[in-house]
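Encoded as structure tokens, the structure appears first; notes follow it.
Note that the chains take the letters A, B and C in the order they are written out, and that residue 1 is the start of every chain.
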């Protein structure tokens, strides 16, 4: 009886803590959603009106007329999906080699990858621009897709996941005569789903919200991505915060969708994969 | 993720040590496959990251205004750095920010992961909620934090006023601005690293906990003797990547404070950025970046050195 | 095996090709500029012009383009736009990475100085002396933007500073409107007089943007230089600015930062008696009137001036456009920016912004933007101009130093005297090199 009670108490307190933390984490979003329904002059009015005094859903339709919102949205989806796929493919292949195959120069190459991860982006911006320009890719979506499809972090992360999967699985398959690519694609990759999901959501979110690369490489209006579009609501003398907030709320939708879609992989899979070698 | 991590890399003898044997290995089918696997990534990596990185490294010894021919400047960029008060202040701010944020992020992320890993109804919701900060555009969320941290009327200080008459000035005070950025960083990053810890927790077999329970271990004892050691490879990965990415922090400063008030939140990458893009001193900025790079390299190296003492595979 | 070698060879080739191309980006561009020479070709040319976009300037440039292309059927103008906040970075990267743009507007003087002083922009002295008449009306600003005696940018917008006041608040308080000759002491006194109430109902006497000019402008008005020995005039400015917030007549720097406060929004609430800001403000107020957001009568007068400086002395910030030295169509690009700064172009600019031209015909156009007599054209056009920034080496570092040290003083962390001392010592250390 007492044990039951204390377990019930423990469970309740877990809920309470989880709930409080979730509220704290979500708090800024409530502000965001609320501001997106306000007229501009009320956005920074104090004390904060959590429920807008003047309810102005027109902000959302105004967003459509002020900037070509659907076009920017599509551009963002195109680039984010392409980069995410690009990283999932190239980083998992490279990560697999670093984790599960032996070849000369492996350690040195890996240290170079790791070192590259330490260089701040702002430092290579100019040299990178020269490279992209010499390839004739400035002002195209290709510049964004190619630039971000080969991250050192992604290789590092995938390598970590692949090292955790038992070597015996590969050896058994090799004895059965599978090719290395077959082992990778049919046996190991399905076991690394949590890794792919983690990398996928990370890449998708960072490309989706990336401001700096599009800022530098995109000139044409028709190629601009969502963050650039939202930034253009900041004029020389004014900024339309309520519209930016409406745009930010709408821009959350695909990432939340991706997250919910990938969510199950964070849980499943690993218990099977973690047969340690 | 019960990773074997980098220990292998750090300690295993380099297979290319003996040239003749290396050449033979070069030809093994396994090595060929490995190179083919790496190639797609390596080409892009070399072209878009490594080559520009090398160019930046060379720039560190040059004088370059971004247009006229570069001039060899030897180590003068570096001697100048050590007399530059902006560099000194940025460096100390960066160190404080990075280590404080990283410590808090790791602890918070681990606790969050344990919290939502259990048999919790609606854990999908909680996970999504905790992960939310990571996926939002910072451009938008920066405005929100400014409003929340408004020293006189913001909800944060309204709440604190029930405890104290003098709540902090947050982003508008030199004493509190850096701490404010640390708080926001923890808020933003904890959810992402929570995911990594979650994946790690999934990999711990429940048998370990059962065994511990039979030995009469309580919740805290189980945490200390099962969770913590079993999670250590993930923790190691998280600490390394967290420190590296925090050293490179830029958006937060650029969007929220511009380095102010005064120079209280000026950090290295922001200073590098200002040096190159505002002042047009690309050589000097690259030299500053190289120093930053060497510091991160040293810290990462020390972590690999210390790895054996606490990471269990 | 053969697969591997093919791949490796391919990669090596790619790497070599890239390093090669990467370094000769500049040469290519320079070569093409050389080929084109200074004479406009009879063939069709398309020039790329870059500016920061907001709705007002977008329509302005569209109209300029239409007129220009009508007069120059051989030249087509293409626009490249970027948002206002990050415009300088974009321009810098574009020009540094090789330069795929022919002409551009400069958003601020530090960027203009940086690009001009490193030889990336065409000097326009020849063009200007060859057509002296056409540029007569904007020539009064040439000296402000010359670098080592050479002109790299053509002025097309110019804004001074002025005081805008809410007539209804002054009427209600029974205080006479600010007169046309205010010293800074008088301004502060007036602001304090107009300050009333508490909390939500508080009426603020004054509002200023957080920019450093709002305090160091007083030094510029006295003809002081940040590079000189006597920084006393700037100290007076900082003390005045601090007195305004310390006395509660103006919201503090901390408060304004935290609330993202903007003079336009602040003025529209009807709770601010006076706003000190640039002369682009009347255009905004006119728009707000049309949108029904402005519910009171307003007036404007000259910028306050320090004791000892003549009335009507005002900081002015001129906006210039320039031409890329590596432009593919340099002559056409010069033609385009000359058009913007010439009389016809200025008449179009005047419909949207404050023109740089002092020609009467241009000012007539500007006047038509306003439906009532709230706007005081004299306070916009008849000023004794002093430049807002000294265009010289160290300009961008100085901007940062002034902002960092000034804001600490205004936040009460150091005294104004300390701030000025810090500025002086940092100037000597950081800019001397």
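Points to keep in mind about this one:
Simple rule for what comes next: a contact is a pair of C-beta atoms (placed from the backbone, for glycine too) under 8 Å apart; a residue touches a chain by one contact, two chains touch by 3 or more.
Composition by chain, UniProt nomenclature: A = Carbohydrate ABC transporter permease; C = Sugar ABC transporter substrate-binding protein.
Keep in mind that this is a model prediction, so the values were computed, not measured.
With A-C and B-C as the two chain pairs, more C-beta contacts join B-C. When each chain is reduced to the average of its Cα atoms, C sits farthest from subunit A. Subunit A and subunit B have centres, each the mean of its CA atoms, that are 16 Å apart.
In this assembly, the C-alpha centroid of subunit B lies 38 Å from the C-alpha centroid of subunit C. Taken residue by residue, subunit C touches two or more other chains at 18, 22, 89, 93, 96, 259-260, whereas all remaining positions touch fewer. Subunit B has residues 35, 42-43, 47, 51, 55, 66, 143, 147, 150, 152-154, 282 in contact with two or more other chains. Within subunit A, residues 44, 46, 126-127, 130-131, 231, 241 each touch two or more of the remaining chains. Contact residues on subunit A toward subunit B in their complex (touch as defined above): 14-15, 17-18, 21-22, 24-29, 31-32, 35, 44, 46-48, 89-91, 93-94, 96-99, 101-124, 126-128, 130-132, 146-147, 149-150, 152-153, 155-157, 160-161, 163-164, 180-181, 184, 194-195, 198, 201-202, 205, 208-209, 211, 227, 230-231, 241, 244-245, 247-248, 251-252, 255-256, 259-260, 263, 266-267, 270-271, 273-274, 276-277. Taken in their complex, subunit B has these residues touching subunit A: 1-5, 8-9, 12, 14-16, 22, 25-26, 28, 30-31, 33-35, 37-38, 40-45, 47-53, 55-56, 59, 66, 112, 115-116, 118, 120, 124-141, 143-145, 147-148, 150, 152-155, 158, 187, 191-192, 195-196, 198-199, 202-203, 205, 233, 237, 241, 244, 247-248, 250-251, 268-269, 272-273, 276, 282, 285-286, 289, 292-293, 296-297, 300.
Only residues 1, 3-4, 7-8, 11, 14-15, 18-19, 22, 26, 88-89, 92-93, 95-96, 110, 114, 118-120, 253-255, 257-260, 396-397, 399-400, 403-405, 407-408, 411, 413, 426, 429-430, 433 of subunit C touch subunit B when the two sit together in their complex.
Within the complex formed with subunit A, the residues of subunit C that make contact are 18, 21-23, 25, 52-57, 80-86, 89-90, 93, 96-98, 100, 107, 259-262, 264-265, 268-269, 280, 284, 293.
The part of subunit B that touches subunit C in the complex is made up of residues 27, 32, 35-36, 39, 42-43, 46-47, 51, 55, 65-68, 80, 83-86, 143, 146-147, 149-154, 169-174, 258-263, 274, 277-280, 282.
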